[in-house]
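Heads up, the thing below is written out as structure tokens.
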Amino acid sequence: SSGNKADNNKLKDVTIMLDWYPNAVHSALYVAKEKGYFKDEGINLKIEMPADTNDPLKMAAVGKIDLAISYQKQVLLSRSEDIPVVSIGSYVQHPLDALIYNKSKGITRPKDLEGKKVGYASSPTSEPIIKTLVEHDGGDMSKVKMVDVGFDLMPALATGKVDALEGAYINHEYLLLKKEGVNVGKMSLEDNGVPDSSELVFVTGEKTLKSEKDTLTKFMKALAKGQDDVKKNPKSALNVLLDHENKNFKLDKKVETESLNILLPLMGDKTTPFGQQNPKQWKNLADWMYKTKITPKKVNYKDAFMNLNY
Amino acid sequence: MMKIKSFIRLYGLFAIFTVIFLIAMEAVVEAGFVPSYIIPAPSEVYRAIIDNLSSLIFVHLKVTMLELGIGFILSVVIGVILAVAMFFSKTIEKIIYPIVLISQTIPIIALSPIFVLWFGYTIWSKVAVTFLIAFFPIVVGCYDGLRSGNSEYVDLLRSMGATKWQIFTKFHVSSALPVFFSSLKLAIVYALIGATIGEWLGASEGLGYYSRRMSGQLNAAGVFAAITILSIAGIILFIIMSLIEKRLLRNRRS
Amino acid sequence: MLELKDVSYTFKDGQKVNPVLQNINLTIHRGEFVSLIGKSGTGKSTILKLIAGLLHADHGSILLDDKPIKLGDVGYMPQHDLLFSWRTILDNILLPTEIKKQKKVKKQEAIQWLEKVGLAGYEKAYPKELSGGMRQRVAFLRTLLTGKNVLLLDEPFGALDALTKKEMQAWLLSIWQETKQTVIFITHDLEEALYLSDRVMLLHPDDDLEESPIPFERPRSRDLLYQQDFTRIRKKLEDRLRHDEN
Amino acid sequence: MMKIKSFIRLYGLFAIFTVIFLIAMEAVVEAGFVPSYIIPAPSEVYRAIIDNLSSLIFVHLKVTMLELGIGFILSVVIGVILAVAMFFSKTIEKIIYPIVLISQTIPIIALSPIFVLWFGYTIWSKVAVTFLIAFFPIVVGCYDGLRSGNSEYVDLLRSMGATKWQIFTKFHVSSALPVFFSSLKLAIVYALIGATIGEWLGASEGLGYYSRRMSGQLNAAGVFAAITILSIAGIILFIIMSLIEKRLLRNRRS
Amino acid sequence: MLELKDVSYTFKDGQKVNPVLQNINLTIHRGEFVSLIGKSGTGKSTILKLIAGLLHADHGSILLDDKPIKLGDVGYMPQHDLLFSWRTILDNILLPTEIKKQKKVKKQEAIQWLEKVGLAGYEKAYPKELSGGMRQRVAFLRTLLTGKNVLLLDEPFGALDALTKKEMQAWLLSIWQETKQTVIFITHDLEEALYLSDRVMLLHPDDDLEESPIPFERPRSRDLLYQQDFTRIRKKLEDRLRHDEN
């Protein structure tokens, strides 16, 4: 309506870059946008998609975008490289990453990876994760063969070129591989010696945080409202996402529904409400990353995040 | 009309070959020799195209062609200017040629943060990638073409008191055309690759983006639908270039 | 006045060195018609290229009206026809006009010239459609239309049949008598050299330039060719040439 | 010795230009105009190279060069065979040319699953990408070069009773060389890009792999260290090709 | 025996149509030396290309010893020298030997030939280093070394000076008298045509082929040129050619 138009002029542009293309995990964003929660807070939200998973952090650091959805581990890694980014909220509070493996290769526990090939996507964290996993189970990491498979995790496992994957998600790759009839199993990381971590967090640049703290708080507030709606009615939330996307890309409804089912319990519960970040989680992760030499220096975890009050 | 007829006659053979190939593929996939999430059956690809035809053509192909068009024109304009500058001045050549070469040896994905920083996620980041990939063959082809002219003709024009520029326009331009067109045909195909790669580095529309999305969903039929359309577009662009080449080089003593 | 003073030239290509001309001296007056003859490979074409400014003398100087010669001063017709394959015949002969940007010679005039040399109707043809002799006529016209005061012609009528050659010679003389251009003309046809020239220069392999004035009145008639005076000079030149055999 | 001297004289200008550029970059980054995690200061890159020199050269560059070498040789051999076959037979041309074109319009990332299926993560998947990228300019350049010969010479040879093959070897091969070399110079650079991209699709060594790993570790200096070495390698390869070209085309009437 | 029966040929290029030859009839006996003369552009070169098998007659037939002519049957020297710029002079003249793979003519012989035509020491030179006349001599040698029984020579001596030309003519005659090759020779030099040939064929623009037998005994001496019989035939042919002017 015409009233809205006048309001539009006063709205503040906020750009957020997703971690990957839109999928079930982003339902809250689309619902909040669709229902006008951002507008209510004076925000005009623009959603962009990244080229490379490393791009969003850098763009946030230089202030080219206001917000990025990225990974907790990446935030710590960035800070160790003096890239000035801060996490202002947790999106998915626990790992989606798990060891995904081919059941027919006789893998039942991490130790069984000895003599097997594990594929990963050029990530510096994969090897330490597998090492932690295997050694926690009393195995010998030197017997595990790590294979960098570049961009494509799924075909590597599906074609039998590797026996297990590190870096694949339980709500995406796992579901798709299963759907294609590959005999896959999953093994949680945090049950096997790897510290718990937030898979996805909201990241901003230090400068942006200083100047736009208010706006960012409002963003989190509006998003939390959206997440509430998603929780209350996952089906219609998913439809908002699917409708938005289906114009040009068909998302697999069955896969996304299942994905959302897996995601919802990980996106805020009674102990840690949606968006809240747990200092202990940050500390444990930072310690582990230093111990495993992923970060060349010890990162002061307290500088890496800030919980906004909304 | 004649053109179309002879076109059909010429490429009929390829069409027959294609049909045989597609039938064979269908059989291979049906029989389960190749998993359909890696190479889909042609019939599936066909369905994937038909089901999304209007969005594939009027949204994604359109955007890709726009990126390609701007990028290609820029690479021709700037590529030719660089080649001509290099042709006229050894000094410029010594500085520019290495830079042109370096620009090609840098993996484009390594440049993605820089492009995003400069251009954001506008169409210009894709145009920049298209340009970067397509201008190289143009510079090399145009420069080599300009240098390929028989010097006896240059002498003749010099004897008429022609300026450097006149010798350039009256002789070198024409004598460079064969090599130049050979490179333009490469460049137009590379421009298409460029636009596609550009879309991987951040986009929300376009056939490159579409194929990436589909690949992320393990939707091989969708990936190949985009590839099919890209291939057809590439062949058509190449044929257009070849026809222009043929027309312009018609009167050469071959 | 065109002067070559002590001109020497050597072709160099890597280690290969081919000293073609040594200490050549030659003075040609305004409006003179001079033929250059001599054995194949003695350096006649090289002399024309030096005068045209295409090659630079290693020693000595070449002066046109007391000023060092420079490119564009003279009209030059090379030994190969060098027609531009992508230009029509008309555009080929209009090339020097384009270069000078004077548009002195208009299309109509050029077409008339084509008619005069027996190429009527070939304006829009391309060089590949012409016979060897026709191509040479086009190359000749192109040189003529430079409109320069000095014309250097390297075997312009070499590929022509006797008849066409005769016609072309007549044309050349008539133009020359009108415009009083200075002409240096390379030919292997002694009769032609004698008939057209004021002076015939014979280039010996030892780079000696031997001069023979041709004293016949102008305008000359074709009958001259059969007069005794004429055949005597011709015979003498033939002997001089034969002398080079050793 | 002469070669080296004249080389220095020729490229001295570029060297001076490069030094000025690097100093300027250093200043810009020092001053904080560009964050060093997007474009690192040249001095940082230099340190990143020196610190890892032996592994960069003797492990990663070596592997990339091996992939490039095999891929380039394959593309020359197969590219030339295809071009020659197309030159001799219109039928083959009508079938092969479109396939060659299609091979170029397919985004390589879309092919990655297929490469994985066929080659796994061996050197051959990288060779395949190198080949795929480098053979296109070779086919087009070689084919266009073969067709560019003046037909009067062909007639002369025909009149001597030369077979098609003799006309080919005695005339077309030589007259194709200028255009062919123009395309070889492109192809050698593209082969380098190909090897790099191939490594992104899964590898454990090589400069492409190295740059991707460094990028994953957000280590911009490391990324640019790999890029620097890739660029130098690219320029050296290009210069080698140009020297071969110059040598072989020495006696042409230019 | 070489026979052209009712041969017609038309150049077609898109819509442009140029009917050059119509109903040409010509019989040449084994070992005969025939010259082909005529105005520029009448189709002399085209006739040679037809005989060489490079062009195909629209009508009529061309028979060599009663068999249709095919490529490789004759030695053909085109009007442009067409030397291969990337081959040395020696490799250029050895080309036909390479093609026939007979290695009949060995390197030594080829070098001797170069000496005979005044190109000693040029074996390793490249064509660009030669003068126009030298190039033509190389092209001539190349044709000679095809070793065919029929030689088609398109203005082989056109760019040569009188002296070199005379030498080349003497060479050609001496070879011909030895090998008894059939020669068809295009020239614009009537004297040359008469001196060398058994028969001179004049191609008129209306495609009429007029025959003039040259009845002089062989071997012919150079003095023949100044004998009355000789100049009479020459004069007659000149008149016939002039007749074409209208």
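Every chain is named by a letter (A, B, C, D and E) in the order it is written, and numbering of its residues begins at 1.
Criterion: a contact is a pair of C-beta atoms (placed from the backbone, for glycine too) under 8 Å apart; a residue touches a chain by one contact, two chains touch by 3 or more.
Since the model is a prediction, treat every value here as computed from it, not as a measurement.
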Co-neighbours of chain D and chain B - touch as defined: A
Chain of greatest Cα-centre distance to chain E: A
Separation of chain A from chain E, taking each centre as the mean of its C-alpha atoms, in whole Å: 86
Rounded Å distance between chain D and chain E, as computed from the means of their C-alpha atoms: 50
Residue numbers of chain A (touch at least two other chains): 52, 54, 58, 62, 152, 154-155, 159
Per-residue multi-chain contacts in chain D, two or more chains: 38, 109, 113, 117, 152, 200, 212, 215, 253
Multi-partner residues of chain E (each touching 2 or more other chains): 80
Those chain pairs that satisfy the touch definition: A-B, A-D, B-C, B-D, C-E, D-E
Interfacial residue positions of chain E with respect to chain C in the complex: 11, 13, 16, 18, 37-41, 45, 79-80, 118, 125, 129-134, 137, 154-155, 158-165, 188-190, 238, 241-242, 244-245
Residue ranges of chain A in contact with chain D within the complex: 52, 54, 57-58, 61-62, 74, 77-78, 81-83, 122-124, 147-152, 154-156, 159, 161
In the complex with chain C, residue positions of chain B that touch it: 152-153, 155-162, 166, 170-171, 174, 251-253
In the complex with chain B, residue positions of chain C that touch it: 49, 52-54, 71-76, 78, 80, 82, 84-86, 95-96, 98-100, 126-128, 146
Complex interface listing, chain B residues touching chain A: 35, 37-38, 52, 55, 59-60, 109, 112-113, 116-117, 120-121, 200-205, 210, 212-219, 222
